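So, here come the structures, one by one.
Each of the next two complexes has chain A plus one more chain, namely chain B in the first and chain C in the second.
Right, the complex of A and B next:
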């Protein structure tokens, strides 16, 4: 088995039959993490505990009693999920050195099934951003910057200019998780998604990024940004693997009262062959200003793919789409203002040395602990929540939110099963270009195609589709009905099979993955 | 319409976060300008939406039973200043000074 195999189809069998052991997998991943350190995808690598978990898993396999498909599988977790005994920083000075006293529910679930926690991945500070460039540990680099595919297509301006200045961003804010999965250092990673933070980097890094329906997966232990929109996100290399992860994470959690109480049954994805009963909606407003012609063409091609296979493809309208970013801006900053209030230096996290008064200590702590982006959002949020502004901004935004959510309800009620849209306006930008604009501007631009799904709480997934002319990944997004993840993933899997997205060719991976077992390098996982 | 100095000061007191410089204030101005686009939308007769799960009645209250706790030691571990089982704070009820006096007051930041 290699690092490139799908979980259910290949790795699980290989582990059960002893063709590869959990400790081998773990060591391979840890070695690859070391040799891809320049990506800056990981903030913390939990080498000792990971190896211990791998050893325990190995014992279970030897006894013929693995806990499930995830037993022994190396995974990574975004650093805004609490992990007991492991530092959780949210890429902020405010939480540097903070050792979580508990595991987030999703982390606990993974550990209970024997998954091996390799480490915590890098992000934008407190998950605010769309580039994974604004954390205190520095930006994350997109593995595709170092791929054969990208290097072949890029023309260095001078002999001395090399990858050092050419590298492209991962997108964000779950960039570390996306880069980790994309560079084969883990089989799956947890991200979070509030405005597109899982799907955006998934698109830029050529991996599958699933945003589940709000209320399906517990947020307990996920350091909150916007309580009414946050969801844990799943990043994997193929849709089947995303279904495996979903199966192990979804379900009611008494510790998170916003999780629905319905029973959740994990499912295997059928191999769809007949799409003639499917109705695909193409929302015309997603042909947004700034959408690159390349991505527009791919989107069109994808629609044709469905049409030619017999599906019904219709243009639909979500008229309030253009207000979703503004709406998000107000609701997000308002909830952030509230959520960030807990960071005062008293109980945990950074504490300023200022001693004059409680208030001055709080103010100094927050000044020292938060970056400009976070502080800016707190101040804006407080502005919108002022008594004189509450109705005008906050309540108004809540009303617009309902209009946005209703747009989707109407479209799904008209017989459309799934919506097909681009995920991002363009491919990953070079870092030097990306930082020319400030975080808020970037977020407003980059979240435009992903944000509305968070507003409405709907499930959405990025499926890597093709490489751009410059050799960078382009992904397309499917949005489904509430709690209809099975249908969403089934369609996504069909599409994945049709497009046969190429595997990234990374020198480092080749070196580490010539495992004991030779295995055919195939472009598709199924 | 610019935000008044009074409101800026009020915000800093509420948020316990400071604007730091004119760039910070500019950022707020831009944020407000951006948010003003909301007023283009007609929301007559539309109810505000608190939660996308409003139809599912899942926001329940649980029974008032003690199900966990006794983790004083773990919780205190992350605090910098403590005495026995208390978190220690500097003296309270001392309001932050007004904007003009602020620079001198916040030392070492």
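Right, the complex of A and C next:
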């Protein structure tokens, strides 16, 4: 088995049959993390505890009593999930050194099933951003920057320029998790998705990024950005693996009152062959200003793919899409202002040395602990929540949110099963270019295609589709009906099979993965 | 000078009597070691979420029903933001938009002119009851320039009961709060002991002339007993009247009652009006309550609250208990008030009545005049009474059977208070207090007295 194998199809079997052991897998991943350190995907590597978990898993396999498919599987977790005994920083000075006493429910579930927690991945500070460039531990680099495919296609502007300054961003805010999965240092990673933070980096890093329906997976232990929109996100290398992770995480949590009560039944994805009964909707508003011609062409080709396979493909309209960014801005900043109020330096986290008064301690602590982006959103949010502004902004935004959600309801009621859209406006930008604009501008631009699904609480998934002319991944997004993840993933899996997205060719990975290579024939979709 | 009309409204916070807090599982307990009852959620650790405590909702529904409120079948939770050391999350979860109960009333009684025989019933409207979190406690240590924070109380469930400004003086406010206290204790929804902080009262006071709009009101805080409530309200009314009559104005401010000086003083300024930036609490769905009609068929019984079910199981409220006492025992209404006002006294009375042939109308005198005044003199509760209901009943039986006079009975009672374990009969024998029934013996004694006082007898006969 190799680091590139699918969980259900190959790795699990290999572990059961003893062809590879959990400790071997763990060591390979840890070694690869070390040699890909320049990606800056991990904030904390929990080497000791990971090896211990791997050893325990190995014992279980020896006794023939593995806990399930995830037993012994190395995974990574975005650093805004609480992990007991392992630092949780949210890439912020406010929580540097903070060791939580409890595990987030999703982390606990993974551990209970024997998964091996390799470490915590890098992100934009408090998950605010679309580049994974604004955390205190520095930006995350997209592994594709170092891929054969990208290097072949990129022309250095001058001989003094090298990879160092040419590297591209991962997207965000779950960039560390996306990079970790993309570079094979783990089999799956947890991200979070509030406005696209799992799907965006998934698209840029060429991996599968699933945003589940709001209320399906527990948020207990996920440090919140926007409580009414946040969901834990799943990043994997194939759709089948995403289904495995979903099955192990979904379900009611009494500790999270926003999870639905209904029983969740984990499912295996059927191998869809006949799409003639499917109706695919193409929302015209997602042909947004700034959409690159390359991505537009791929989107169009994908629509044709479905049509030629017998599916019904129709143009639909989600008329309130263009209001989603401002609406999101109001609601997001308002909740941020509220959620960040607890960071006062008293109970945990950073506390300023100022001794003049409690008030001055609060002010200094929060100025020192938060970056500009966080402080900016807090100020905006407090403004919108002022008594004289509440109706004008917050309540109005709630109403607009309802309209946005209703757009989807109408479209799905008209017979459409799944929506097909681009995930991003363009491929990953070079870091030097990306930082020319501020976080707010970038977020407003990059969230446009992913944000509405969070407003409406709908499930959505990025499926890596093809490489751009410059050798960088392009992904397309499928949006499904509430709680219809099975249908969504089934269609996504079919599409994945059709496009045969090429495997990233990384030197580092070649060196560490001496197992049998599973060569995926890239059926040049582009 | 035109008479002033004082207007008094009250905001009462009653701590809910429950095992655990409103949104977390940590224990509720008075005077525990600092920070020993704090869950991750109470400490506002990032990533923790509120989970509503069913018992607290039931307590609020019970209280709402007892106060004749409409129970809102759908109510909402909100965040109220401000920074303070005893508020770890930087916001309190409360019910600002739609509280759990609205539009109720509370009837209470007062004595006119301090005469127990003239009682009048008044009513105050209850604006609403809302569920909210209590804050922690902070102690300021000025000598060391530090603030000590204890989060034991942070997150404990509170019912905020808002009484409309239908009261006019300290006495009314005190009587209304006393009645509310009795109701809460009868329901068990709050132990409502002011000394333990389980019942906190803030008064809103203003004065105006008839026909004119209401005056500017002040809020009076730091009131630690019902007695002080009456004092604080009356002081504030007087202060406002004097201020206005001297040509001054009343500021819309918060004042603290200083119990030592018996006056209200402006509280340290909170920098003008606070904007609490209310926002819906996104982690709690709307609270839905059901009644018999709306209860869905196959709902998990654990997950729903049926208002009608709670209504059917409400205990007799104080008003009803008093009426029953009057009806059953033929005592006066004001007697029933006193009986219920003292913890355990009604039960003591009923116990004595059961064990004696003396009519309840006569027993009540012994309870209210003799027993109660003795207890008050020695600052004892009914529970701590050295004279049990058994002993008292025993004594009253002797009186009823005419074996002793009522004067003698009082002497026996005085002896019983010593709590030396003697029975009434033993004391009667010891002190030779038996009533003589024998006619002949009585004549002999009288004759002996007359014989011994010849001069006085002659004087009397002569007129």
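In this text, the second predicted complex is superposed on the first by the 514 of 526 C-alpha atoms of A that agree within 3 Å, B and C clash if a C-alpha of one lies under 4 Å from a C-alpha of the other, contacts with A are read in each partner's own complex, and residues count from 1 in each chain.
One rule holds for everything that comes next: contacts are C-beta pairs under 8 Å (C-beta built on N, C-alpha and C of every residue); 3 or more make two chains touch, one makes a residue touch a chain.
Owing to the predicted nature of the structure, the values given are computational and were not obtained by experimental measurement.
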{"item": "Partner chain(s) touched by A:414 [first = chain B, second = chain C, both, neither]", "value": "neither"}
{"item": "Per-residue touch tally on chain A - higher for chain B or for chain C", "value": "B"}
{"item": "First, second, both or neither for A:228, with chain B first and chain C second", "value": "both"}
{"item": "Contacts of A:104 with chain B and chain C, given as first, second, both or neither", "value": "second"}
{"item": "Partner chain in contact with A:260 - chain B first, chain C second, else both or neither", "value": "first"}
{"item": "First, second, both or neither for A:337, with chain B first and chain C second", "value": "both"}
{"item": "Which of chain B and chain C A:372 touches, first, second, both or neither", "value": "first"}
{"item": "Chain B versus chain C as contact partner of A:382, first or second or both or neither", "value": "both"}
{"item": "Contacts of A:219 with chain B and chain C, given as first, second, both or neither", "value": "second"}
{"item": "First (chain B), second (chain C), both or neither touched by A:348", "value": "both"}
{"item": "Doubly contacted chain A residues - partners chain C and chain B", "value": "101, 228, 254, 257-258, 261, 337, 344, 346-348, 355, 358-359, 362, 382, 386"}
{"item": "Residues of chain A defined as touching chain C within the complex", "value": "81-82, 88, 90, 95, 100-102, 104, 219-224, 226-228, 254-258, 261, 334-335, 337-338, 340-344, 346-348, 355, 358-359, 362, 382, 385-387, 390, 394"}
{"item": "Chain A-facing residues of chain C, complex", "value": "40, 43-52, 79, 81, 83, 85, 88-91, 145, 147, 149, 275, 277-279, 282-285, 303"}
{"item": "Chain B-facing residues of chain A, complex", "value": "98-99, 101, 214-215, 228, 254, 257-261, 320, 323, 326-327, 329-330, 333, 337, 344-349, 351-364, 366-368, 370, 372, 375-376, 378-380, 382-384, 386, 392-393, 395-403, 405, 438, 440, 444, 455-457, 482"}
{"item": "Interfacial residue positions of chain B with respect to chain A in the complex", "value": "3, 7, 10-12, 14-20, 24, 27-28, 30-32, 34-35, 37-41, 43, 46-53, 56, 58-60, 62, 71, 74-75, 77-81, 87, 89-96, 105-109"}
